[in-house]
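Chain nomenclature is as follows: A, B, C and D, assigned in order of appearance, with residue numbering initiated at 1 for each chain independently.
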Amino acid sequence: MSKPEFTPNEMMTIAASRALKNDDVCFVGIGAPSAACNIARLTHAPDITLIYESGTIGTAPDVLPLSIGDGELCDTALTTVPVPEMFRYWLQGGRITIGFLGAAQIDKYGNINTTVIGDYDSPKTRLPGGGGAPEIATSSQEVYITLAQSKRGMVEKIDFYTSFGHGDGGDHRQKLGIDTKGPTLLITDLAIWKPDPVTKEFTIVSLHPGVTRDQVQETCGWTVSFAANVEETPPPTELELATLRDLKARTEAAHKGA
Amino acid sequence: MSKPEFTPNEMMTIAASRALKNDDVCFVGIGAPSAACNIARLTHAPDITLIYESGTIGTAPDVLPLSIGDGELCDTALTTVPVPEMFRYWLQGGRITIGFLGAAQIDKYGNINTTVIGDYDSPKTRLPGGGGAPEIATSSQEVYITLAQSKRGMVEKIDFYTSFGHGDGGDHRQKLGIDTKGPTLLITDLAIWKPDPVTKEFTIVSLHPGVTRDQVQETCGWTVSFAANVEETPPPTELELATLRDLKARTEAAHKGA
Amino acid sequence: MARFVPLSQAVAENLGNGDSVAFEGFTHLIPTAAAHEAIRQGFRDLTLIRMTPDVVYDQMIGMGLARKLIFSYAGNPGVGLLRRLRDAVENGFPHKLEIEEHSHAAMANAYEAGAAGLPCAIFRGYRGAELARVNPNIKFIECPFTGESLAAVPALRPDVVFIHAQKADRKGNVLVEGIVGIQKEAVLAAKRAVVTVEEVVDDFSDLHPNLTILPHWTVTDIAVVPGGAHPSYTHGYYARDNAEYLKWDKIAADRDLFRDWMQKNVLDATPEDFVDRVEKLRDAG
Amino acid sequence: MARFVPLSQAVAENLGNGDSVAFEGFTHLIPTAAAHEAIRQGFRDLTLIRMTPDVVYDQMIGMGLARKLIFSYAGNPGVGLLRRLRDAVENGFPHKLEIEEHSHAAMANAYEAGAAGLPCAIFRGYRGAELARVNPNIKFIECPFTGESLAAVPALRPDVVFIHAQKADRKGNVLVEGIVGIQKEAVLAAKRAVVTVEEVVDDFSDLHPNLTILPHWTVTDIAVVPGGAHPSYTHGYYARDNAEYLKWDKIAADRDLFRDWMQKNVLDATPEDFVDRVEKLRDAG
């Protein structure tokens, strides 16, 4: 068997999917997190519980939703609850094992900005805002983050703390009385990052196949740290890749219109 | 047509039913309030909304429930909601026009005791407690009370303030920041009472047919006040009485067992 | 993740002496079979929690299982007082019983706060009500925007909650319908949750999307006990046995009569006895 | 008590210049027809409230109806940013827009508190989040039992709320099913509530007892507008028009293109036009 060809974005989604376990209860953000969670469900984690903030619990969509409230999510859910209940009983109640977030801007401690570029009161770019993220970041037992690397996205200092990661690092979470783990995994199109046990700075633990340390640094706005042993991410299997591409094809066809 | 014979208890229930309007939303306590509310629904107020604290909204039971959560209530309800929602959205949310309460002990200001006879910590008689009453008494737009008169039940000073009526009278409710009307009607087996506009002391405005002022005083533990013009309560109509007796007969048959 | 186990095992492995425990049910779906199993296993020093302690709590208190009762309405619904509870509170028989008393609104909010992972609940309550004087777990806070005084109670977080439900699917997801009461909140507020069900079905795929369903990962153990809510009822299965509630008033009035009844109907009985008790009530359910 | 009236009348008699108003819908059941009617009637100085302002709020802001926006996520869901909103915030076009920004948890709790008649909501939120710095309506209180610091926000109590629902019965009771979002809370929190529905049915008697139903005495007015949620969807009636959401991104990017589109599709259109827009989406609904 020849090795399948794949894009960095496909590698990112598949690497993220592998981090999810069969008994995880995931609060799924739209975009890359949604793809990763559903690939996990369609491959090694068939019983994973996917929750979207629209109130759908235990969904199994055949195509990726365009929004967090597409009908497909409700049609395939175990149950659908009102939004206040979602945020009170399920998120705040501590039932979510993994909160899965994307980001417009992120710093090395996993703090995320999706609010504004520039000053809050007179922004250069007004982004959509936090939505569920401020509480997903603190009430989920752990947080996974996924984004494609760029100097614009991975910055030394974010413009606005939409959601709290490890703050200034170290025990900053505990100091604020937050008893959840926070960001424990960052998956980009180039690498897998985990927080240093002490400083909590995101550190590269695995490079995707063919990616160099220089490539990672060139697309990151802070000085990148590498773990003592940096592994190579196993490339996508044929099953993973076929599953992802089928899902994307079904999704694209569905979203193009009725 | 000869006048129908009736018992004081029947007169009480029917007089109470007449106080309810077609567009009222009633929070119904079990016992005499439940009978009165359903007689209203079956006679002059067919569209009245009856709510029981078990979560059943808009019920129309064919027999009186033994408990506040009988299956009949759910089977005939417009919808049935969880108990926290009942107390938050429907009662505390101000949607109830009439809270209808019974009482073990009541004073002349409509304060009610259903908690203990004697001292709270070593009671002579441990009663069931307040249930929904403490908040029904303050969150309903108005409160109606119904009980059969007795010196044991209608006392100068109740042993425990389970739910607040007009406190010590006057503007005591407003002083506590309570902006609902509180008890506006007391219907006993002998008379109809309304609070004096200023002192808020319950005052007799109507005597049931054949009842004397002495009879009322003999069965009441405080010195009874009478309004300037005391009316005579119209006796039950044949329709009212037939409706009540049919309902009681159906109810008794149903509760005797399967 | 829910396991399917016999009721005796579910009770033995989830309940312990000294635990705080709620057998919840708001008239409908009262987990009688589970409570009887707890009585048979002879637990002690329990803190019993329930909005509406009724016959089964009267039985547990009368049999000496309870050290403390947290409640908001203790009556035989529609019938009268709970006579074993009265005997405990008024006469200390079979032993003294500590009381923490609330209103329904307070208990409902406290369970809701427990389910929501909060340390306390706030609500507009207890205004002018004397329970605030005798219960130190009722406090008042100020709204930081309007200055209004609001009641506060600590969240309820029982060690274990028992409920009865219509059905589970094979994965252990649980369906509750009809008068759903406070059961969902109680389960989500608890450290461990045990559900008795009327039956297990292949799946719920034909049900309405917005029904009350407890995902299997919110439930510790499930035991199949048909009739397990009797003399309470299970919407869609069998009716409430009102006659039994009326009878209880006489049984509980006398210590010896009570003890004899418990011996025959609880101590010498099994979970399998419940199915016969509801047979005549199925048509009306 | 609900009246049945034409949409134009419901909007005219319930909305006023300067009102706080929510057109709620969480992706599903967005009351587009009602929002378009409000645009046609040309209201000004509105405080627009919504957890997820999307295309219809982009349209209202672009047409100059809004003085202030209270929200938690302002995006074209799954597509990107709201370009008319950006133009207002970044460039003050067509005029300046005041912003009160929250998280979803805060907005959901604030509506819930409004429905529950409370002046504020408390929740475990905004820890380490910078919105607490820029929004004076975010405060913190101490739990009176544990001392934990909890976030507090004022209850939301809009002057008027518009929602879209599947159906009403002849008495004006309203059924909402599928992704029910925050609509029940929004209606109960509002002073006045207007519901557009797909259809009116004789009764709901064959429905499950625990569905989301708004009693007629919680609703001010009802207007029958088939397709009234398009390009959002109505569970059981027609599917979401994702292609329209994708197209909006280009339309909203250009001030003139936007104005032309609004003239043709909103200002010169009527509520009756919605039924045709969903025709091709009915099979997939």
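Everything that follows uses one rule, which is that a residue touches a chain if its C-beta (ideal position, glycine included) is under 8 Å from a C-beta of that chain, and two chains touch if they have at least 3 such contacts.
Bear in mind that the values here come from a model prediction, so they are computed numbers and not experimental data.
**Q** Determine, using the mean of C-alpha atoms as each chain's centre, which chain is farthest from chain A.
**A** B
**Q** Distance between chain C and chain D based on Cα centroids, please, to the nearest Å.
**A** 39
**Q** Counting in whole Å, what is the centre-to-centre distance of chain A and chain B, each centre being its mean C-alpha position?
**A** Their C-alpha centroids are separated by 57 Å.
**Q** Mark out which residues of chain D touch at least two other chains, giving numbers and ranges.
**A** Residues 112, 116-118, 123-124, 148, 178, 180, 184-185, 209-212, 235 of chain D touch two or more partner chains.
**Q** Which residues belonging to chain B are in contact with no fewer than two other chains?
**A** Only 74, 80, 88, 92, 139 qualify.
**Q** Once the touch criterion is applied, which pairs of chains come out as touching?
**A** According to the stated criterion, the contacting chain pairs are A-C, A-D, B-C, B-D, C-D.
**Q** Going by the contact rule set out above, which residues of chain C touch chain D in the complex?
**A** Those in contact with chain D are residues 116-120, 122-124, 137, 139-141, 143-146, 148, 150, 152, 154, 177-178, 180, 207-212, 235.
**Q** What residues of chain D sit close enough to touch chain A in their complex?
**A** For this pair, the touching residues of chain D are 26-28, 51-52, 71-75, 77-79, 81-82, 85-86, 89-90, 101, 103-105, 108-109, 111-112, 123-131, 134, 148-149, 178-182, 184-185, 212, 233, 235, 239-243, 245-246, 280-281, 283-285.
**Q** Of all residues in chain B, which touch chain C in the complex?
**A** For this pair, the touching residues of chain B are 30-31, 53-56, 65-71, 73-74, 80, 82-84, 86-88, 91-92, 115, 120-135, 137-139, 160-164, 167, 172-173, 176-178, 254-258.
**Q** Could you please specify the touching residues of chain D with respect to chain B in the complex?
**A** Counting only chain D, the residues touching chain B are 1, 112, 115-118, 171, 173, 184-185, 188, 204, 209-213, 215, 217-218.
**Q** For the complex, which residues does chain A have touching chain C?
**A** So the residues of chain A touching chain C come out as 23, 25, 47, 49, 57-58, 74-75, 77-81, 88-89, 92-95, 139.
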